[in-house]
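Across the two complexes that follow, chain A remains constant while its partner is chain B and subsequently chain C.
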Partner chain A sequence: MNLTKSFYLLLTLTLLSGPVLAQTPEERGLEIAREVKQRDFGWADMQAEMLMVLRNKQGEESVREIRIKSLEQEGDGDKSLTIFDKPLDVKGTAFLSFSHPLEADDQWLYLPALKRVKRISSRNKSGPFMGSEFAYEDLSSFEIEKYSYKYIKDESCEGGTCFVVEQYPVDKDSGYTRRVAWIDQDQYRVWKVEFYDRKNSLLKTLSFKGYQQYLDRYWRADLQQMINHQNGKSTDLKWSGYQFRVGLNDSDFNKNTLKRAR
Partner chain B sequence: MKEKLFATVLRYPALILLACLVLTVMATVGGKNLVFKSDYRVFFSEENPQLVAYESIQNIFNKSDNVAFIVIPADGNIYTPEHLQLLRQITTDAWQIPYSTRVDSIANYQHTWAEEDDMIVEDLVSEGQTLDPSALDRIREIVNTEPILLNKIASVKGQVSLVNVTVQMPMIDPVAEVPEVVARVREIQQKYMAENPGLEIKLSGIVMMNNSFAESALKDNATLIPIMFGVVVLTMLVLLRTFSGTFSTVIIIAASIAAAMGLAGWSGMFLTGPSASAPTMILTLAVADCIHILSTMFYEMRRGIVKRDALLDSLRINFQPVMLTSVTTAIGFLSMNFSDSPPFRDLGNIVAVGVMLAFLFSITLFPALLMVLPVRVKQTREEDRDWTRSLAAFVTSKRRILLPGMSVFMLLLIAFLPMNQLNDDFVKYFDTSVPFRQATDYMQDNLSGMTMMEISIDSGESSGINDPAFLKKLGVFSDWLRSQPETDHVSTLTDTLKRLNKNMHGDDQSYYRLPEDRELSAQYLLLYEMSLPYGLDLNNQLNVDKSSVRVVGTFKNLTSNELVSLEERVQNWFARNAPEYQVQTTGPNLMFAHISQRNIKSMLSGIALALVLISLLLGFALRSVRFGVISLLPNLAPAAMGFGLWYLIDGQVGLGLSVVAGMTLGIVVDDTVHFLSKYLYARRHRDADSVAAVQYAFGSVGRALWITTFVLVCGFMVLAQSSFKLNADMGFLTALTILIALVVDFLFLPPLLMVFDKTKIETPAKTAQGVER
Partner chain C sequence: MCKRLWLSGLSVLLLSGSAAADEVFFEYSGRLSGELQGYLHEGQFNGQGYQSNASLALEPELYWEFNGGNDSVVFTPFYRLDQHDDERTHGDIRELSWIHVGDDWELRSGLRKVFWGVTEFNHLVDVINQTDAVEDSDGEDKLGQPMVNLSLVRDWGIVDLFVLPGFRERSFAGREGRTRSGLVVDTDNVRYESGDGDQHIDTAVRWSQSFDLFDVGLYWFNGTNRDPRLETALIQGKPVLVPVYEQMDQIGFDGQATLDSWLWKLELLWRDTPSDRYSAMQAGVEYSFYGVSDTTTDVGVLVEYGWDERGIDADTIFQNDLFLGSRIALNDAASTEFLVGFGYDLDFDSRSLFLEAGSRFGERWKLSLDARLFDARDNRDLMVNIEQDDLLQLTADYYF
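Our next item is the complex of A and B:
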């Protein structure tokens, strides 16, 4: 009798825990993405400077300098303002973007030479950003809804042991069929991303180097290196001057104030 | 040494058979490494300056290898809802082609337009777009006013358009990559043609051309080699009337080809269009050795000598002439190592090895086979020497007319030689039976040619392409290039900037001009680049530093000379109008346009060296410096005459022909060797005067020379049937030259000898057994 009772108890426990233990790779991947987002949430606003170094196969180099301000949005993509400093002929050009996880972003560009703000209506996020190997979609904020996920395996990486997770873009205008991300299990930082083009062949690899922690919580890499395997070009993004919670608000991310962005 | 060899061969034929079999199989196994490299770049050596320039341009901008789907609707109108949707689907599918990095069609053309201060960037034909008549009219209007599309992607008449796919092959395994791309491309072609009866899709572009090199050559080998074997078998059966002899000859030829190709495989060579013709050439050249050995053997057997002794006699008599002619032929082919184009070096080396293998086999394997196989001959007298005798009589009696007559004829032909034009149009490397050629011809007739020139213009400063002065000159240049009579299309940055300037001013047509402010142009480009999708960016026109721009001109199919003169005009335009900018003109067509000239220059030293070596060899073999010098004339004249005659037949000399002189030198020498050695034998050993010696020479080798020449001419004429024009022309001119060589040896050399060799020759103490049979 006692034995039977124990057996039923065990059976019940097994049945209950079954679904939890048998988490699908898709669920696991989503769970990791949620954790990434969760850990990085709450920085409110930030600004930083970015130096881009572009290289082609022939070894020629070219440099771009921009500043980025971002405003965190709950339940939507972030708002961001990009101010171009170099090359000199685009100095003062400012780009405002309200990103959305699923619909096309709202985008405005202020052209100082024309002294006008132009709204850009385009679904395209997959083209090269300033002629670099980064697509605009590689630089925009990470939102859970942008992808569906699949956990692949654990693998050691620069950040210790990493989850290897495949991310499938929901946006059909994305330039990729999938991204494979290496995320460390300790801090949930992304160390490496491989990008697979529309025919599912490896296009680019992005590596993150020199992670630093801000506000005792938010990790940002000093260096992002993108290598395009198909055309042999590469781009380095060097970040500096990270500042968080500097008091930016909606009025700093406004079409009408774009002209005055400095 | 050689006596010992012959004895062994005849005593232990089974052993020799086994040894040859083992060695041949070992060599042949290397053939598994022999793969076809489908890439036009193989025609250029690594140090070729045009290739170096082109590669550097390709590294700065993006590569421009492409596949063009030429999509032709059944009703001759591309502006129907069904067809536009179809183009959209093909465009989407084309992105799935391996290594594709860019797809351009009217469907995914990034149309930009303005609505007040909004700038809209979208596919010209978007998904789910309603295509009512007014939308169709709008699309047609946009295509017909957009210089980027018109005459390149879509025709003015609107009956045909392209889906152009740029592929960037990693070149890690070019042997596999091209077929991989082509397989997918054809899958798409077949699918849409099957689903849409009446729709036609033709395939052109650099990738399809690369693929045609392989397919054309392999198809050739599948048809031409069997034909050639047929010709050999038939010729031998008819002229020598022997089954065993024919069978043995076929074995020798097959073993020589298999071993030579196998060794090429072991050495790590790739197959290419030209080197794929090596089997046909070895086949042709290997026959002669066997014919010489067989005919002497039969001659002896007819006189009643038993097979074994007849064979031994034949080997003794033929060993030296066969070796000598094999060595001279090999030297001729080895002269191709001086070629600037690696495939011809490979061809020369493979054939040289094949010829030497054929020699080795014909003095070992061949007699061993003949020992084992039954050989019977009827004891008859040869009757057919009559025509050689009457030819000899004709030549000796008419020598005073023949010498000046032939001299004039030869000089006349040679006078045409310099009038040949150099031309390498790689589209015309393929005859009209090749689908790539058909597609490209169609494209040329209905849309644009395949001749392209990439013009990279370096402003010399970072971001310098935005300088209004630079843009203005670029604009003027683009207009100038567009106005040239041979131009079909010009792709230039200034068109994009003019359109953006218009878009930025609310689509006001009066702003369809270049921005006059550096910042404005830079900011337009920044905006435009940010709104383009993956693959349709400007990186194929601008370098990373935005200091250089690439203009691509598409022209009607031009000859090399026309293209080089166009290149000069482009360079002159910049020298006159914009000397401050660095300009480079490159592209596959230009590379081919320069290659023949380079190759002919490099081949000249090869021919000179081969000539010196062969003449030394001849002087040594004939044991006479004087006759060595006299032999130069009949050895050199045929190639020069051949090219002279070529002017009257075709007049265009390309890469394939640039190696013919060196190649034929080693072959035509054989006739001279045989004729002169018999002549000298008669003079020295039979105390004959020059007239009698000529008659003797005709009588003893006239028939053999005629048969071997017949086989050689047949062989190279079979090669002339190739669908790969490079090989076809090479085969034809070689056949022509060999035929001319025989005419010269029969009609010019004898009168020359009779006129200039009047002195009595001292009978040498030692017999010049060297080259007698």
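Our next item is the complex of A and C:
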């Protein structure tokens, strides 16, 4: 066997085995994330209502009522307007966010008592949202660039067979070392996410229930349940009144609309 | 197929159109607020010989929305009953206004409140509304201002045009009220520079814009100065202070840079009145530590400096003052928060300290504890008047 011949043999082997061997678990994870994002793109704009039920260790409940409007942006994170109805002492408070995949989000808070619009720091990713078990970063829109990925295995789940994928936050301000997500292979919906804290111990589990399809394409869960394993508290997030393509545009997301949002 | 699509499209249009156009959305909410004040000392002036004071305030809000959300009306009356001070027992229409929204503009008419500014210890450039000074010494309570405000949204920023018909006089503590000077302000004998008195029509124009990490605003205001000059006068043989409201031109700038956990804040003011022409500044920085020592607690640290060109002759207590503060948020279900601030006057050596703590109880109650302590060291400092007015205040707010 001469050198040229062995070279060609090697080349042929490489080419043949390529599709099977070339994809590392990291690439597989990224590919799944891309598919999740791809399948959820194009909803344009949406609005919905959100009921948060906070439960402490003793089972005592406290309620938050929130409305959200979102506008999809091509090549950038979403714009969103969040309006607080309950608790009553923060009624009329509104929050405007222009999210970006990697740069810091632009965020403004409207305080109705003073009629004041405050530009706020978006560094606080890991802090609790409204005293709940959801951190701000748990509620922000999913962007591919926010994580690096690793496919782990296939496993049966509520949605059939799921990919189990580890997601490692790129942002150093994230409160997590990793998230483990269960994504069904049929529709690429997320069914469960486990959150591991900065010490890499299990902190929270988020489950998605009651998926419904909108516009014959976009899947949204009616219920998201977050359980904190370390403090024994939990938060249910119940969605209702989902409406897509209601005709929102950029002019619905500025400081003027923030001031009269209610 | 095509026809069915067209038909369903039409019915959606008709349904949404009719439902939106005819429907009037109405909402009723509000706040009832009980307040107990404990003064650490008896007041230094006649009429202030008490140390505890009770007060009750009601602020309902009625809101209508119609024309598919393009029109809305809000009505917010306010009334406070005070145990001692007749001037603090008072009512106001905080808001009675109609907003009409167009594509890239909105028109806001009626009695309204507008806030401009970025700093925390002093609201230097906030000029549209008169201060309801009997409410609190922090100057954050405002009287409803009559206005027509056209707001235009452009790529290069938001432009607000204001016509302000009618002027609101500042409220001042009465003879039985605390937090006043030795002479009582006689609000029944107000003087105006303008022959139009409180009917002078003021105008203002403001531009504001966000450039990436920077939020800026610039305005020009022409009209009646919200801050009166206080002149001594004899009314019915008694010495009193008479508020004199002059005309002024004012240019104000506010800017904030939001850089990671840092907020850099600047307010600048140029004011031109017949008796004075001066500039003033309030500038500072706020840094936040999020989730300190593995808890959910956020701690913000604030430093600000206030300066006034008129120096020790200024009719403000923020002429050369340094402020330090901290904002602590527990981020718990009850939204427990603390704000503590310390002010130091570099000219007069006087100090002030305030603390605000608040937490929610149940779904409808909020309890707050406020403390304000004053320590004046120089008779030329305006703070000397309120030196005996150290205060602890417990407030229970009920929301409905």
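In this section, the second predicted complex is superposed on the first by the 242 of 262 C-alpha atoms of A that agree within 3 Å, B and C clash if a C-alpha of one lies under 4 Å from a C-alpha of the other, contacts with A are read in each partner's own complex, and residues count from 1 in each chain.
As a convention for this text, a contact is a pair of C-beta atoms (placed from the backbone, for glycine too) under 8 Å apart; a residue touches a chain by one contact, two chains touch by 3 or more.
Model, not experiment: these values are computed from the prediction.
Overlap between chain B and chain C is detected when the two structures are superposed via chain A. Of the two partner chains, both chain B and chain C are touched by A:S121.
Looking at the shared chain after the overlay, A:S201 reaches chain B, while chain C stays out of its contact range. When the shared chain is aligned, chain C comes close enough to touch A:S251, but chain B does not.
When the two complexes are overlaid on their common chain A, residue A:L54 makes contact with chain B and with chain C alike. After overlaying the two complexes on the shared chain, residue contacts for A:S62 are found with chain B and with chain C alike. Once chain A of one complex is fitted onto chain A of the other, the partner contacts of A:Q213 are absent, as it touches neither chain B nor chain C. If you count the residues of chain A touched by chain B and by chain C, you find the higher number for B. Contacts of A:T161 after superposition on the shared chain: neither chain B nor chain C is touched. By the touch criterion defined above, A:D106 reaches chain C but does not reach chain B. Contact with chain B, but none with chain C, is seen for A:T93 once the two complexes are overlaid on the shared chain. After superposition on chain A, the stretch of chain C that runs into chain B among 309-317, 327-335, 345-353 or 381-389 is 327-335. Common to the chain B and chain C interfaces on chain A are residues 54, 56, 62, 87-90, 114, 116-121, 123-124, 126-128, 130-131, 173, 175. The touching residues of chain A, counted against chain C in their complex, run 54, 56, 62-63, 86-91, 104, 106, 114-121, 123-124, 126-128, 130-132, 173, 175, 251, 254-256, 260, 262. The touching residues of chain A, counted against chain B in their complex, run 54-58, 60-62, 84, 87-90, 93, 95, 107, 109, 111-114, 116-124, 126-131, 135-136, 173, 175, 197-199, 201, 229-233. Residue ranges of chain C in contact with chain A, taken from their complex: 29, 63, 72, 99, 101, 103-104, 106, 113-115, 117-118, 140, 151, 153, 158, 208, 210, 212-213, 215, 256, 258, 260-263, 288, 290-291, 296, 298, 331-335, 360, 363-364, 366, 397, 399-400. Within the complex formed with chain A, the chain B residues making contact are 56, 59-60, 62-63, 95-101, 110, 117-122, 168, 170, 462-463, 466, 504, 517-524, 526-527, 529-539, 542-546.
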